[in-house]
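Submitted below is the structure of interest, expressed as C-alpha cells.
Think of it as A, B, C, D, E and F in the order they're written, each chain with its own count starting at 1.
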Amino acid sequence: MRPNALKRLWASGGAAVNGWLSIPSSFAAETMAHQGWDSLTVDLQHGVLDYGTAVPLLQAVSTTPVTPLARVPWLEEGIVMKMLDAGCYGIICPMIESAADADRLVRACRYPPRGRRSFGPIRATLYGGADYFLKANEEIVIFAMIETRAGIDNLEEILAVPGLDAVYIGPADLAIALGAMPQFDHEKGVAREAIEFILRKTTERGLVAGIHNGTARYALSMIELGFQFVTIASDARHLAAKAGEVVAEMRNGLKRDQAPTAPVKATY
Amino acid sequence: MRPNALKRLWASGGAAVNGWLSIPSSFAAETMAHQGWDSLTVDLQHGVLDYGTAVPLLQAVSTTPVTPLARVPWLEEGIVMKMLDAGCYGIICPMIESAADADRLVRACRYPPRGRRSFGPIRATLYGGADYFLKANEEIVIFAMIETRAGIDNLEEILAVPGLDAVYIGPADLAIALGAMPQFDHEKGVAREAIEFILRKTTERGLVAGIHNGTARYALSMIELGFQFVTIASDARHLAAKAGEVVAEMRNGLKRDQAPTAPVKATY
Amino acid sequence: MRPNALKRLWASGGAAVNGWLSIPSSFAAETMAHQGWDSLTVDLQHGVLDYGTAVPLLQAVSTTPVTPLARVPWLEEGIVMKMLDAGCYGIICPMIESAADADRLVRACRYPPRGRRSFGPIRATLYGGADYFLKANEEIVIFAMIETRAGIDNLEEILAVPGLDAVYIGPADLAIALGAMPQFDHEKGVAREAIEFILRKTTERGLVAGIHNGTARYALSMIELGFQFVTIASDARHLAAKAGEVVAEMRNGLKRDQAPTAPVKATY
Amino acid sequence: MRPNALKRLWASGGAAVNGWLSIPSSFAAETMAHQGWDSLTVDLQHGVLDYGTAVPLLQAVSTTPVTPLARVPWLEEGIVMKMLDAGCYGIICPMIESAADADRLVRACRYPPRGRRSFGPIRATLYGGADYFLKANEEIVIFAMIETRAGIDNLEEILAVPGLDAVYIGPADLAIALGAMPQFDHEKGVAREAIEFILRKTTERGLVAGIHNGTARYALSMIELGFQFVTIASDARHLAAKAGEVVAEMRNGLKRDQAPTAPVKATY
Amino acid sequence: MRPNALKRLWASGGAAVNGWLSIPSSFAAETMAHQGWDSLTVDLQHGVLDYGTAVPLLQAVSTTPVTPLARVPWLEEGIVMKMLDAGCYGIICPMIESAADADRLVRACRYPPRGRRSFGPIRATLYGGADYFLKANEEIVIFAMIETRAGIDNLEEILAVPGLDAVYIGPADLAIALGAMPQFDHEKGVAREAIEFILRKTTERGLVAGIHNGTARYALSMIELGFQFVTIASDARHLAAKAGEVVAEMRNGLKRDQAPTAPVKATY
Amino acid sequence: MRPNALKRLWASGGAAVNGWLSIPSSFAAETMAHQGWDSLTVDLQHGVLDYGTAVPLLQAVSTTPVTPLARVPWLEEGIVMKMLDAGCYGIICPMIESAADADRLVRACRYPPRGRRSFGPIRATLYGGADYFLKANEEIVIFAMIETRAGIDNLEEILAVPGLDAVYIGPADLAIALGAMPQFDHEKGVAREAIEFILRKTTERGLVAGIHNGTARYALSMIELGFQFVTIASDARHLAAKAGEVVAEMRNGLKRDQAPTAPVKATY
C-alpha cells in the first residue's frame, strides 16, 4: 500500500501544510495540487461538493504526490465509507461530542475487528495498491472535530477512544459555541483559550492536533504552539482574495475616472 | 433588452476591467462575479470549458450585474451562435487574419440583413428580455483577435469591416508570431511595438482596443495608452497565485524544519 | 443580508405562490424563475435532484428575485446544513412526527445558541451578503411537513417547538397515512378533514400553513381558507401537462388518419 | 436494424408529430418521451445542448418507441457523424443554401460509396441492432433546413441532391431572411408564401416537407397543406407556457390582495 | 404496473443472473444492459455512484427489459426512498444486523400501512406505469445483506420480519467478520459454512437467497446449492479483466523485445 | 517538459501497446490506466466523449505514467488545439486525404513558426511542466489517419508533409472505402493489401505506422510486420466482451433450466 505521507511526516515531528478544496472542478483541484501542499482535503461539509462531484477531484490530486483527505458533512456511515473507498487517506468528521461519537467514527473507518467498515475499496486499491486491505487500518488517519461545548467537556474520553489519530479544530464553530463571532485566527479570548486547551490535551494523549486557519502567518504560529496539521483558507478564498486584490488595484488606479458597472460584494 | 453596460462605459470614455473564466465550475464563476469586475469572459479556447460546461457559468455571472462575454475556440459558426443564444453580450474570436475572416465573424453574430445569425435566443431572451431580437444587433459587441503576422498586415481592412466593434490582443500569441517568447506585459521589443501599432490603428478607426494582461499594474498602463478593455490573468491564475503565495510563506516559515512531501511545480 | 421576501409577504398577510423544481437542469430552473413565482423549491426528496445537481438550480433561481427554498429528502443534518450553505432561504423537511423531530430540525437550521448549525455559508454569503451570519437565524424559514398519523397526533407539541416557522402539508402522503388514495386537491373525506385540522392548529399557534396543490384553482381556495404558502404541481408536471395537451390536440385532429407510432403513457 | 418508424409512417401517407428537446436533462426528456410524440429531436443548435449533454437524452428517449432525431448546430462533419453514432435516426441541418451544402450534408450521413461517414456506430448499434451498417444508409433520414434567401433560390438543385429525404422549415429564420419578424405560424405575408413555395417544390420532388410550429392548431393546418413532419414548440416552451398559465391564474385570483415578490418576465 | 420479472422468475424456480454497475457512465450501463443479464444493480455503496450519477444508469438500463435494482450505501431512509422513486424494482441494503434493522428497511420500502415510504414515484411511474402506487408494495423486492456476526446471530428474527423478500450475502465482508480474508467464491472454511447456514435458514423461511460471486463457475455452483439470485463480479472488474488479458497477451508476445513504459498494477 | 515516452520507445525500435477510451467516466479511464498500456487514446470521434467529458479522463490517465493521446472527431482546429491544451501528447486525426489536409493538421498542432497553434497550454503545463512551450513542438506526436481511397492515392505527398510523425490506419473505414465490409484484423483481400501498402510507404519515409486491431493476436502480427503503434479494441468492447463471456457461461450452465428474462443483443 502506498504509504500515508502524513503519518511519516508526523512521526518525524513535522507539520503538514494542508490545502482545502471546495470548488467542484477537477481542473481547479489539479491546479491546487501543484502548489506545494502536503495534503489536500475535499470538503463535503461546507464546500460545494458531494460524493459525485468529489471523486474527480481526488483523481486530480492523485496526479501528484499530495495526500488526499476528506471532510464529511456529518457523522453518517454511508458517506464516510464511500470517501474511503474513493481513495481518501484520512477522514475529518465534524461535531464529535462524545466518546460514543468518536467510537462510531472510528468503527466506520476501520475494517473488523476494530471497526465495521464494509469492504469494497474500489478506487482506494487503484490509488493505494493491491495490499490495501492489509494495511488500511494502519495507514488511514481519523480526525475528530472538536468544535462544541460538549466536545470540549468530553475531550478526554474522546481522546481515549482507540484508533483515533487526530483532532481537528474548526475555530469558527468553536467560537460560536462559546458565544463569540465565527472567525479564524483567534489571538485571544474564549476561543483561543479553548484552542490551547484542546491542543494541550490532544498532544498529552499522543494524538496529532490540527486546526483551520485564515492566514499563513497564523498557521505558522500554530505550528510553533504544537499543531502538526494546519489548513490555510480554501481554494475559493484564494481565488476571491487574489481576484479581489487585482480588482482593487485596478479600481484604485482608475478611481479618478470611473465607477465599476458591477459593485464589489463581500465573499465568505 | 437589458443594455450592454460595456457599450455605455466605452461611450463615456471609460475602460472595462475584465475577468477571465477558465475553471469549469459555476461556483467559482459566481465567486469571481462578486469581486467587482465590469465583465467576465468565459474562455472556450484555452479555458477548460466547452458549451455544455460554460452555460452554468453564464448563469452564475447573471446572478450579478457583471456583463458576460465569451471567447470562442475558433472561427466556427456553430459555437459562436450557441454562445450568443446562451446570453453572452460579446464574442471574442481568435486568429482573425483578414477582412474575410472578420466579415464571417460579424455575419455569425448579427441577424439579417447584416449577418446570418440564426434565430433562437433561448437563454439570451431570459437574460436580455423580450425585445432581444430587436436590439441584439446593436447591443452585442464583437472583438476580433489580432495575434498573427497576417492579422497585423491586414489590420486596416479588418478594421474596415462594418459591424466590428473592437480588437482584442493576445500578447502571447502575438509574441510567438513575431519570433518572441509567449508572455504578457511586454514593456519593449517587437511585441510591444505591434501592440502600440494595433492600438493606434484601432482607435484611429474609432473601434475599441482590448488586451490581455498579466498584472493590474500593466493593465493600468495600457488604459493610460488608450485601451478600453483590459483583462487581468484568469481565475486559474488567481487561484494558483494566491495558493502559491500562501504555501511559499509556509515553506519559508518552516524551512529550517522540513521539506514538503509533494514538490511545488510551475503552473501556466 | 438580503431580506427573505417570504417573511415580509407573510407579515403583510399575503400568501406565497411557490413553484416546485424536480428537473435537474439549471436552464429549466431559470425558465421557471421567470414565470412570476414568489418562491421556488428545489425538491431533493421526490425530485430528480441531490446536492450536486441542485446547486446550479439555486444559481439559476438567483438570477431573479425569486426566493429559493429546498425540500430535503429526510431529517438528516448533513443535507439540511448543506442546502442552507448553498443559499436556500427556507427548508421543508418531510415526515416530522414529534416535538423531538421538530427540535432536531430547528437545531440543524439555526446557529448556536438556538441550534447547532455548523458555520460555513459558502454560497449563502454570496447570495445573502456579508452579514449573513448575524441575521440568518432570523431570516431562514423552517417548514415541518405533517403527513402522518403520528404527525397529526403530536401536532400541538410540534407547533410549540421554538424556532419553527411553518407547517407544510403533503396531501398525498397524508391521504395514504389515513387510508385514502395518494392525490392532491382533496375536497372532502379524511384527508380534507386532516388538512383543515392542521391549518387551524397551525394558524392558532401563529405559524404559517403551507400546502402542495395540483391546480391553481384549488390553491386559491386554500389561500381563502388561510394557507399562506401554496405550491402548484411541479416543473415536470407542467412540462408533461402542456406537452400532453399539445399531443392530444394533434392526435384528435389526426384521428381519422393515423395512430401514433409510440403510445401515450401516464406520467406521475 | 430497428426500422425507422418515420419512414413507414411517411410511406403510408401519415404525418409525424415531432417534439423538441432543448432542456439538458434526461429526466425531462424521458418525461417528454411518454407524451405520445412520434419522434423527438434533440436540438443542438438553439437548445441548451451539446454532444455530451445530448447523449443521455437519447438514452431517455430510447426507453420508449419514440424515434430519436437531432438538429445539429451547423453543417460540420464532426458533430453530424457523432450524433448518428449516438443513435439518432435522422439529422436536421440548418442553413442549407446550395446543392453543394446539401451534398456535403448527405455525404456526412451516408457510408461509402454514397458518402464518407466514418464507421463507428458505438451507441447506434446498441439502439439499432447488429446489422446497423448494412441498413443505416437506407433507414437514416436527412433533413435540409431551407431558411434563407439563397436556400429558396437554390431549392430545386438542393432537392435534386441524391440521398436527401426531407426539407425542414424554420419559419423564424425564414421570416428574418425575407425581412419580416421572427415568429412561427405565419398565416400570410412573404414568409407564408415562401413556406407554400418550399412545400410545393419539395413534395413535387417526392421528398417529405417538415416545419416548426408554435401551436397544434397551426401544425394541423400544415398537415392539411401537405407537410408530413410537424414540430410543435419545445420542451422549454411547454414548461414556460404551463407554468405561466398557472401563475397567471394565481395572480388573477389574488390580484385584489397582493403583488408578486418577483415580476413575470417574457420567455423565448 | 410493469411486472417485476425477478418475482416471476423466482416463482417458477429459476435463478436470476445479476450484473453489477459501479462505473458512473450511462453508456457503460447501456452496454452492460445488452449482455443478457436478468437484472442489473446500481451499487451506491462501493460503486463510484451516488443518486445524481445513478439516475442516468437506470434510464440506460430501461432501454432494455433488464430489471433494475440498487444497492444503497447504508440503511438511511433518504437514499432508499430516492432510489425507489427513481424506478428501482429492488433494494439491496448492507449490514442488516437485527430485526429492528430489517423492519426499518422494509418500512422505508413499503407504502403505508406496512411502511412509511413517502409518495412521489417521479420516475418510477414513467418506468412502471400509472398504477405504480397500487402494486409497488407487491412488486418491489427487498434484500437484507447478512454479512456480520450479528447478522448471522440474529438471522432467524431478521427473516421473520414481514415484507422482507430476500437475503443477499456479501462474501468479502462476511469473511472479514469471521476473521478470514475478504474474497469471493469460498470453497471451504468459516465463510463457506456461514454461507451455507444463511442459505439454509433463508430458504427454509421461504425467502430468496442471493450471493455475490467472482466467477460464473462459482455462481453456477451456488445456484446448484439453492441460491436464486447470483451476481458475478462488476462492470469495472469485467473491464479490468479483459483489458488485463489483452495487455498480458501483448506483453507476453513482446517480452523478448521490450518492457512496458507504464507498469501493470493490481486492481480491486 | 515531461518526455513523451512513445518517442523514446519508437526510437529504440519498440512498439507501443495502445488502449482506447470511449466510455465517458474518469473511473473507467483510471481502471484502464492501471492495466499496463503504454498509451491511452481518448476517442472523440466515435467514442461517447467530447471535450468536456474527456478532460477528467485525461486527469485519470495522468495518475499513472501512461501516455495520453486523443483522436479528434474531424480536422477542425478548435478541438485539435483544445485537446493539446488539455495535455494530450499526441493527436490522431481522421480522414486525411491530401497534403493540404496533413499540413493543416500539422499547423494546428505546432506553435509558430512551423504552425499556428495558439498559446494557452492550461492543463498541458500542469502535466508537462513549465518548459512546455519550448519543447512541445518536438514532443507532441501527430498521426494522420489514412482510411479512404484519396488518402491512399495521395499517400506519398501526405507523408512528405514536414512535422507529421505517424500514420494511423482505421481498418473498418479503409475496408468500406475499398468496397469491403467494416471489420478489423484483415488477413487478406483489398483492405489487407492497402494496409501493407500504407505500412511500407510510411516506414520507407521514416514515419511510424499505427493500426487499430480487434485482437492481441492480430496486433502482435502487425508488430511483426513493422507497425510500432497498435491499438486493441476499446474499453467498451472489453467490458462487453467479458460481461458477454460471463453471461454466456451462466446461460450455458443454466440452459436446461431457464431462458433469460432479457435477451442477449449484439454490441458494436
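In this text, a residue touches a chain if its C-beta (ideal position, glycine included) is under 8 Å from a C-beta of that chain, and two chains touch if they have at least 3 such contacts.
Since we're looking at a predicted model, the values are computed, not measured.
Asks: Given the touch definition stated above, what is the smallest step count connecting chain C to chain E?
Replies: So the least number of steps between the two chains is 1.
Asks: Once you count every C-beta pair in contact for both, which comes out on top, D-E or E-F?
Replies: E-F
Asks: Relative to chain E, which chain's C-alpha centre is the most remote?
Replies: Checked the centroid distances; the maximum from chain E is B.
Asks: Hey, how far is the Cα centre of chain A from the one of chain E, in Å?
Replies: Each chain's C-alpha centroid was found; their separation is 34 Å.
Asks: Averaged over CA atoms, how far is the centre of chain A from the centre of chain F? Could you give it in whole Å?
Replies: Computed from C-alpha means, the inter-chain centre distance equals 41 Å.
Asks: For chain A and chain B, what's the span in angstrom between their mean Cα positions?
Replies: Computed from C-alpha means, the inter-chain centre distance equals 36 Å.
Asks: Multi-chain contacts only, two chains or more: what residues does chain D have there?
Replies: 22, 24, 27, 31, 34, 48, 50, 52, 55, 76, 79, 122-123, 126, 236, 265-267
Asks: Any idea which chain E residues touch chain F in the complex?
Replies: Touch list, chain E to chain F: 5-6, 8-9, 12-17, 19, 22-25, 27-28, 31-39, 48, 64-67, 215-217, 219-220, 223, 230, 232-233, 235-236, 238-244, 246-251, 253-254, 257-258, 260-267.
Asks: Going by the contact rule set out above, which residues of chain D touch chain F in the complex?
Replies: It is residues 50-52, 55, 76-79, 81-82, 85-86, 111-113, 116, 118-126, 129-130, 132-133 of chain D that touch chain F.
Asks: Mind listing the chain B positions that touch chain F in their complex?
Replies: My answer: residues 22, 24, 45-50, 52-53, 72-74, 76, 79, 94-95, 147-148, 170, 172-173, 176-177, 179, 181-182, 236, 265-268.
Asks: Which part of chain F faces chain A closely enough to touch in the complex?
Replies: Going through chain F, the ones touching chain A are 26-27, 30-31, 34, 55-56, 59-60, 62-63, 122-123, 126-127.
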